[in-house]
Structures are given as structure tokens and as C-alpha cells.
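These are the structures, in C-alpha cells.
The same chain A turns up in both complexes below, where it pairs with chain B and then with chain C.
Coming up: the complex of A and B.
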């Protein structure tokens, strides 16, 4: 880029690379090495409560026993499966609601469109925790929904909505819906509407035109949106805690409890590593689609 | 109106109602006089008054803002450098690892980031004695790490969309690369840096899970305090707090939108 290599400039170049690089090595990569190391240790009564990686004679003392335990204990496998199931249900519901919404926004008049889009982004700026909290007031036994239904005469006893999987799913869909709508909107907005009209003029039914034209063109946005919902939903802690009640099995909660209530740091680390392994494929897929999208935009 | 647009209108109305009804209900109930937050006991603003007399909430708010300002500033510095490096520096050794590390914190589940950072701080303390006490510094470091990723992406995409001719012209006229960065590149990407700072500030104020992991006794951020209260159920002063935040955000966004619309209208 330059041929005027000056000592200061070379120094600046090195500094601009080294400063963020070092920061990320120390505060992002090193923590993963440590969590991996601790997941191979045994819990002991000490400060910090895990055994050293080497025994007294300097021989390595690491084992996979935490992983064997997690894989053999039914409770943990059920929790992992339930988390995958809840995250999948959340992703599906977000797609079913988000797709028509994104389509409607993309087809609105330009002036309305920017307002509609703004209203999708606005909740992002309001605290995530308080938005989940808002649902507690709605779904309570004496909450707005139950009061409304009783007043309407639909039911005479309050329904148990709070502290169920249903409540957790509602909270998850509510929190992550914008993550689905925004990438979908981005790909639908770029789409040429004439294509759909042309297909219909040539005799395609509306359904056929949707599956043959709209759906393939919206695919990059759909994939990005689904992954952006699925990945954080898998590790969610706050929503199942507040809305799902005390027995709601979610991997993020189990990790928290293992760490704070049982003080089993090695097991909590192993829980985190397995969660990460489950998410490796979606995460790599997401980074690929985003890289491809970036190339297309450039 | 044909069948399709009626369907669209129904879905959109349902979607927006779903997004906004919970928020509206919180605002309505914040004016509820009753101690039991879910039963209506008449109109009152007492919870707002109580909020401003609650020293615990004010302390937590102050700590949160202090962390948000510091981490957003650090994240903007490191994130802008990273964005510049990725967009303008071409190939260098370790580039693949660098771009991987930059984008990963954005997609990592919070529980994993929080736990791994805490374990790192504990190990670091064993080795070096620092950080002796977890709190402001450790939360700031954690927030800087995930926020800088967002700043880097914003700055990088701004640089990618901008053509290099200004920088090249300055260079042809004899500008040293370092001066070109400060005199040409930085002013041009200033809007992206401001957007990145604001996003980092909000992300930091919003974070509960990572802060809970890396915080120590005596350091309670606002989300941590709110969480410890709402764990026990709906509480009227949190309704008031939520309403203030909703009002402030809506006002800010409305002003930003109106100014933007006025500025773009003549064209």
C-alpha cells in the first residue's frame, strides 16, 4: 500500500495489529484454554476448587472423567436434548412469525418501511432483562392475561401460564424475534418483485411462485436469522430462570447451578465445553453465511 | 384491498402488538398505587419517588454507567484498530486467527464467555496476585472484549464500502501513512465509530450474565440488582424503573428518527 516506509509508520502498523491482537489472546483465547484444562481436572476442597494438571511427581494428571459422567448421567443428556428442542421450537416460531412480518415490511411504502423497521429495532435499546420481566406481569396467575380472560368469562380459575415451558418459549420468541426479522428483511428487500409477477403471469400459482422464487431468494436471510436465534437460545439463562420456574431444565441454568450451588468447577467447565461442541457447526455455518453476504454486498 | 394484503396487515398488527403490549402494560402498572403489583389500586406516582430515594439502585446505576462509558471507549479504540487492520492492512501472519477471534465473541453464548473469563481471572490471580478484587475492572475488561467485536465489524464494513481514493490521494501527495490515518481515514469513519460506541454502551448496560460471573462481592451493576429483585416476582419500583428506561429510549429514538427524516427529505 505504501512505499514511504518510515520507522514511525512501521511502528504504528505493528502497534495497530499487536494491541487488539494481544487483548483478544489474553481475554478471549486464553480463557478457553483454561476452561478446557479445568474440565479435565477433579473437584477438590481447596481454593480454587480443582486439582492441578500435574501430580506431585510432575506427571500429567488429567482425565476425561467429567465428560464420561456427563454422557452417562441421564439428567444431563435430557437437559441437553431439552435445550436443543426448546431452541428449535423457538427458531421455528420466530421464522413463522418473522417471515411474513419481514415480507410485509419489505413491501411497505418507503416512508412507512423505515418507521416499521425502527419499531423492530427499538426494543433492542430497552434492557433485555426488563423486557423479559414485562412478561412476568402479563403471565402471572393474577397477571393481565388471566385477569382479562376471567373478566371476559372465558375461564373462572386463573390458568397456570407462568413457570411452564410455554412461558419460556414465549419469552424466547419475544426476545429473539428481531434477530430473525432483520436478516430476513435484508434479503427480501433486495428481491426483485417483478420476478414474482412474471412467474404469475406465466401461469404459476401464488403458492408455486412463493416456493420457486421468493423462498430461494430469501434463503441466505433465513439461514442467518435461524442461526442468530438458535445459538443464543441454546445457552439462555435468564429467560428459563424467570419464566420457566425452578424445575425448568436448561443447559445454561445447569451450568450456573453446577458452578455456584455445587461449586463443581470442573464439571461446570465440561458442561460448557460440550455446549460449545454442540454449537460449533451452527457457529461456523453462521460465520460462513455472513462472510458470503459481506462479499456480495461489497 | 385484496386477500394477500389483508393477511399481511393481520400478521404485522399481531407481530407489533406482541412486541409492544408487554412494554405498555409495564408502563401502565408503574402508576399503580397497590403494593401488590398485579392488582389495580388507583393511580399514583409514588413508586417513581421511591425509586429516586433508593440509594442501592442509584449506586448500581452509577457503577453500570461508569463501566459502560469505560468499556465503550476502550472497545471503540481497540475495535477501530481491528477494523482498520482487517480492512486496510492486507495479509499478515496470524490474520486468520485474528479475524476468527474478532468475530467469535459475538456468537458465543454468554454463559460460556462469562465462565471462561472468570476462571481466567481466578487463575491469573493465583499466578500474579491481580485482580485482587473482582468488580469494576474485571467487568470492564469482559465488556470491552465482546463490544470491540461489534465496533470492529461496523468500522470494517464502513471501510469496505468507502473507496480508498482519498487515502491514496493523500499518500500520493506525500502524506505519511500514520498522518493519513489520523487526517483522512479517522474523520471519514467517525460516524461508524460513534455508532460503535453507542452500541457498546448499550450492550454493556444491558449485560447481566457475563457481569454476574466476573463480578465480586460489593460490586453490583444495575441489571444484577434488578435480577435479584425480580427473581422474587413482580415488583412495583422495577415497573417504574422500566417505564423510565422505555420512555427515555423511545424519546431518544423518536428524536433521532425525526432529525434523520428531516435531513433526508429534500433529496
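Coming up: the complex of A and C.
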């Protein structure tokens, strides 16, 4: 009897472990393999719009020509760099804004704390697109901000805020700030406040105690928050399109245009693969530092 | 003589709640002083005011002749050992201990030397490269102690230093703490809720309740001559007889107690008037219990029956019910080895004590 239960448990355990792997296999690894395959093909006017991986004689017909093209064309390198820069600026701003906010929430009274957390999560109840449109309404030439400044007499001509990198940055920071705050809050909230008192007791000023104790102990939250902001900000399509204008060069936009406007699936796939590589490198580096910290702690 | 630590009319209010209420206290140099009380009595708030984490609402704190009332914690000649130990989890043992010296900007070589000495003192030299989560509770406690002592503070504050340790380790650590205090001559102020810990550790104890000191004295004074019911009941157990004063002599008080059905005598340390309602209190171990009425006994003898008894190995506890219904606790040493019980339930017995053993409790 007990043996039967054990067998059942064992089955369940295996299933529970297998489930996420299965998920990754079906929804990440398999599509990734398909994209990789397409990126090695040539575009053709057909359905599907790319050449087969094997020629008529069954020999492999794959080439890296799309990658060479991407690397040789300055436009793409600039676009990648601009995306990295914009994602970095967004991540930095989110960290600078998010850290004090997460700190304040973690140190608030428990009742206030849950209210503040609710306020952080509240925007998610409204569609993401609607919120980005709302920013358009705010930043338009005849939008709320310009009207207010004109009314106040600060300016007499409307400022061009919309369709600038500034507008894109505002939209990105606004949209991704909660993803920075929540993991930071989680790591700050479980920190023992005696540690900061102890540092001050041992001769550290408040500022010193923050950099010696709070900041290093919040590192896991900071890393998680930065990844959660940086990765989606890198590939973001909607915000640069709506707020940055149709001409703004970001990798998400290029990807979309290659797929849908140019119908150059192989090149678009190559763009996607390089984007993935760009994201994987910093993640692996960060995870290695985290693993090293964990090793020291263990 | 000037006192080393002077706490003068210190109060701390949090909104409507008064945590510490106009407290005065003097502590001498090199003393091991305990503040003893239940949770919420204000002892930790008082300690945090000494450390500088809380600013008093009113009053003054002076340490070694310097007014530190409004000094920031990092400027005070005081270090604290936290109840949670607050060992920095991201630094190894040596770095934890060195932290305070690094903030002082002392030379590297000097820091290393002093860290080694301090780790030697708390017997952690072998573990200097370990991270806190690789240490046992007792080892973490010693890291916290070393980290606080390395700054050579004038006063070391200890918040429930032994509460998180198991019983065996607690006893050993207690002795270690006393030895270290002896060796370094630093003034220790300990906050604890554990009366046994306070009794064994301290030169003097302040018993605290509702933000005020109920009594300040040596462990012996506090145990043998408690001022009031709170102190008497907080430290050990005690039997209190409600009584009315009948005679006040030069050095003793006679009072009639309905509960005892007798006139009781106690050494009168406090001023009482005839007719006043007082408590006459006697510790369980100062009461004798016999099957026969003791002859020619100079003291109080009362008859009762054994209501309950318990065997604790080294001693036995009896609960004796008197004619009035009052139950008296008696503790007696098991001096002789015996398998059979000296007393059984419902046995008729006589309890007796010497008049000198009883004390007067006013309120």
C-alpha cells in the first residue's frame, strides 16, 4: 500500500519537474530552432517566404549570409547600439527611481505597505496600450503638459516632446518601473533592520551604512529588477513606435518591419538571433556573479 | 564620587504611549548592570536610547562626564550586541569584526592585529574566513561580541545576550561573558527578561515595569528584600499573605492575616502604620514542612494539608492548603535519599518559618 503511494509520489515528482522543461521545449526551444533555421535560409517569393534548408539533391543549403549582411550594414549596428543605449538608460532610471520607492515601501508600516504595493500594481489593471496612449495625450503638442506650461507662461510655443527619444524613455521608464520595484522591495523587506543599526553603532554614518549594508544586501533584488527591465526594454516595439514616432530606430521596430513590411523572414530571424545573443551575454555574466556570491555564502 | 553613566529623568513617548517614564539611574565604571523586566516594560527602549538609536523625549544621558543625549550612535563611546546578533551576512567573520575599526580609518596592519587578538579572546581564530551562515548560533553570538568589543567601548550594551542559545550553551556563555567583562573592565549594561540570567550575571539589577524602575539593587537585595509585589513575584516565586498591621516596633512589624489565621511578623524595612493593609511575603524555600508541630519554635506555625506535591530531583515542591483555603508553596531540599515519599496527598502537616525570613510588601 505504502509502496503504491510512494510510486504515485514519485510519478508526481517527475511530472512536476518535467512540466517546466516541457514548456520550455515546446514554447522556447522549438521556436528558437525554427527561427535559427530560417535565419540561415534565403528570402524567396513563395509561401513560406524562405528557401528550403536542403537543395534538390538533399544537400544542406544553409548560409550565414544574413548575419554577414547585418554586421556589414551600419544601419543595423546603429540600431542595435541605440536599443542597448535606450534599454540601459531605462534600466538606470528605473533603478534610480525604483530603489527609493521600494525602500520607502519596505520601511513603511505594514498597513501602509500593502496599500503602497497595491498602488504600484494598480496600473496593470488597465491595458498597457491604453496607458501608452494616455502618455501621447499628455506629451502631444496640444497635450496636457504643453498646455499647462503655456498657461503658466513658461513657454509660448509648444515643446516637441512627442516623437523624440525622450518620449520613448518616459514611456519605457513608466511602463517598466513596477518590474524594478517589486523584486527590490522583496529583498529590502526581508532585511534585518538591526544590521543597519549595528553598522551605525560601529561608527558608520547613515549614508555609509546604506552603502556598506543595505546596498550589497539588496543586490539580488537589484539584479533581478535590472534584468526584468532591461530585457523587455531591449526588444520593446509598441512604445518606440507610438511615442518615438515611425522613424525611430529600435531593434524591435526593425524586427517587425523586416518580418511584416519587407517579408524578409530570414533577415528578420537573424536580427532576432543576434538580439537574443545580446541579451544572453549579460544574463549569463550576472548569473555567474550571483552563483559566486551564493558559493561564498554556502 | 562621579557616576560613570548618569541617566537623568529620561522619558520616551511614542504618540500616546509612554515607553520609558522619567527614569533615573546611575551606573558605576566596570559594573555589570542588568535591566530586568517583561516584554513591553521599556527596557529595550532604554537601551536603544543609551546606544543612540532612539532620542529621548526628555531627560539627559551622560557617559564618563560627557553629555551624549543628542549624539548620533556612531559618535558614542558605546557599542551594542543585538539580540538578533545582527552579524553582517555578506561579510566573513574577520570582516565583521574589523568593520568598526575600518570606519575609524585605522591602518590595515593595526586592524589585522587587533582582529586576531579579539578572535583569540572569543575563541574564533579558526573560523575567521567563514561566512555567518556557516556558523552556529553560539559562534554568531561570539562574532557579535567581538565586533562590539574591538572598538574598546566605554560601555557595552547587550540586548538579551543569551536568549537565543540553548540551556547548556547559555550557562557556558554566561561564565565566558563574566570572564571577558572582568578581563577588559568594560562597563556592561545587559537587558534581559530572564531573572535567572540577571541574578547570576549582574553586580546590580534594575527591575523595570511599565516604563519605571521598581527596584534597583544587588541580586541578593532584590531577592531577599523586594520592595513591592511586582518585584517579589517577578524574581522567583513567593507566598504573599494579605494582612492588617497591628503593631509597629523598632525593627519589626506585626500584622494579622485572615489568610494565615495568625498574626505574622516581618522585618519592617518600610514605614507602615497600624491598620494599614500590607502583604507579608515569604519565599517557598524558607518554609519548613513537618508532620508534627515543631516545639518551641521562634516564628510562625500554621496547620494545613498537602494539596499537591511534585518531585524535582534535587528538591520537592509542596502546595499546602490552609484552613482559610489559601494555598502556600513550599520547596524543600531532598537531603536524604529515599524511594518512599516523606509526605503524601491529604497528609496533615505543619508549615513554619522564622520571623526574620518574611518581608513586608507595600504595594
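Here is the rule we go by: the second predicted complex is superposed on the first by the 255 of 298 C-alpha atoms of A that agree within 3 Å, B and C clash if a C-alpha of one lies under 4 Å from a C-alpha of the other, contacts with A are read in each partner's own complex, and residues count from 1 in each chain.
Heads up, the rule we're going with is that a contact is a pair of C-beta atoms (placed from the backbone, for glycine too) under 8 Å apart; a residue touches a chain by one contact, two chains touch by 3 or more.
The structure displayed is predicted, hence computed values, not measured ones.
Engineer: Please name the chain, chain B or chain C, that touches the greater number of residues in chain A.
Structural biologist: B
Engineer: Taking the superposition on A as described, I'd like to know which of chain B and chain C A:208 touches: first, second, both or neither.
Structural biologist: In the superposed model, A:208 contacts chain C only, not chain B.
Engineer: Taking the superposition as given, does A:200 touch the first partner, chain B, the second, chain C, both, or neither?
Structural biologist: Once the two structures are laid over each other on A, A:200 reaches chain C alone.
Engineer: Figure out whether A:192 sits in contact with chain B (first) or chain C (second), or with both, or with neither.
Structural biologist: It touches chain C, and chain B stays clear.
Engineer: Identify the partner contact of A:84: answer first if only chain B is touched, second if only chain C is, both if each is, neither if none is.
Structural biologist: neither
Engineer: So, A:32: does it touch chain B (first), chain C (second), both, or neither?
Structural biologist: A:32 contacts chain B only, not chain C.
Engineer: Taking the contacts chain A makes with chain B in one complex and with chain C in the other, which residues are shared?
Structural biologist: Shared contact residues on chain A: 297-298.
Engineer: Report the residues of chain C in contact with chain A in the complex, numbered from low to high.
Structural biologist: Contacts found on chain C: 51-53, 72-74, 78-80, 82-84, 86, 88-90, 99-100, 103-104, 131, 133-134, 147-148, 151.
Engineer: Sort out for me which residues of chain B touch chain A in the complex.
Structural biologist: 4, 7-9, 11-12, 14-16, 18-23, 25-26, 29, 36-39, 78-79, 81-82, 84-85, 88-90, 92, 94, 98, 101-105, 107-113, 115-117, 119-120, 122-123, 126, 141-142, 144-145, 148, 152, 157, 160-161, 171, 174, 176-178, 181, 202, 205-206, 208-209, 223, 226-227, 230-231, 233-234, 238-239, 241-242, 245-246, 249-250, 252-253, 257, 261
Engineer: Touching chain B in the complex: which residues of chain A?
Structural biologist: 1-2, 4, 6, 8-9, 12-13, 16-17, 19-21, 23-25, 27-32, 34-35, 38, 48, 97-98, 100-101, 103-105, 107, 114-116, 118-120, 122-131, 133-138, 140, 142-144, 147, 174, 177, 206, 231-232, 234-238, 241-242, 252, 255-256, 259, 265, 268-269, 272, 275-276, 279, 283, 286-287, 290, 294, 297-298
Engineer: Could you pull out which chain A residues touch chain C in their complex?
Structural biologist: Against chain C, chain A makes touches at 192, 194-195, 197-205, 208, 212-213, 216-217, 293, 296-298.
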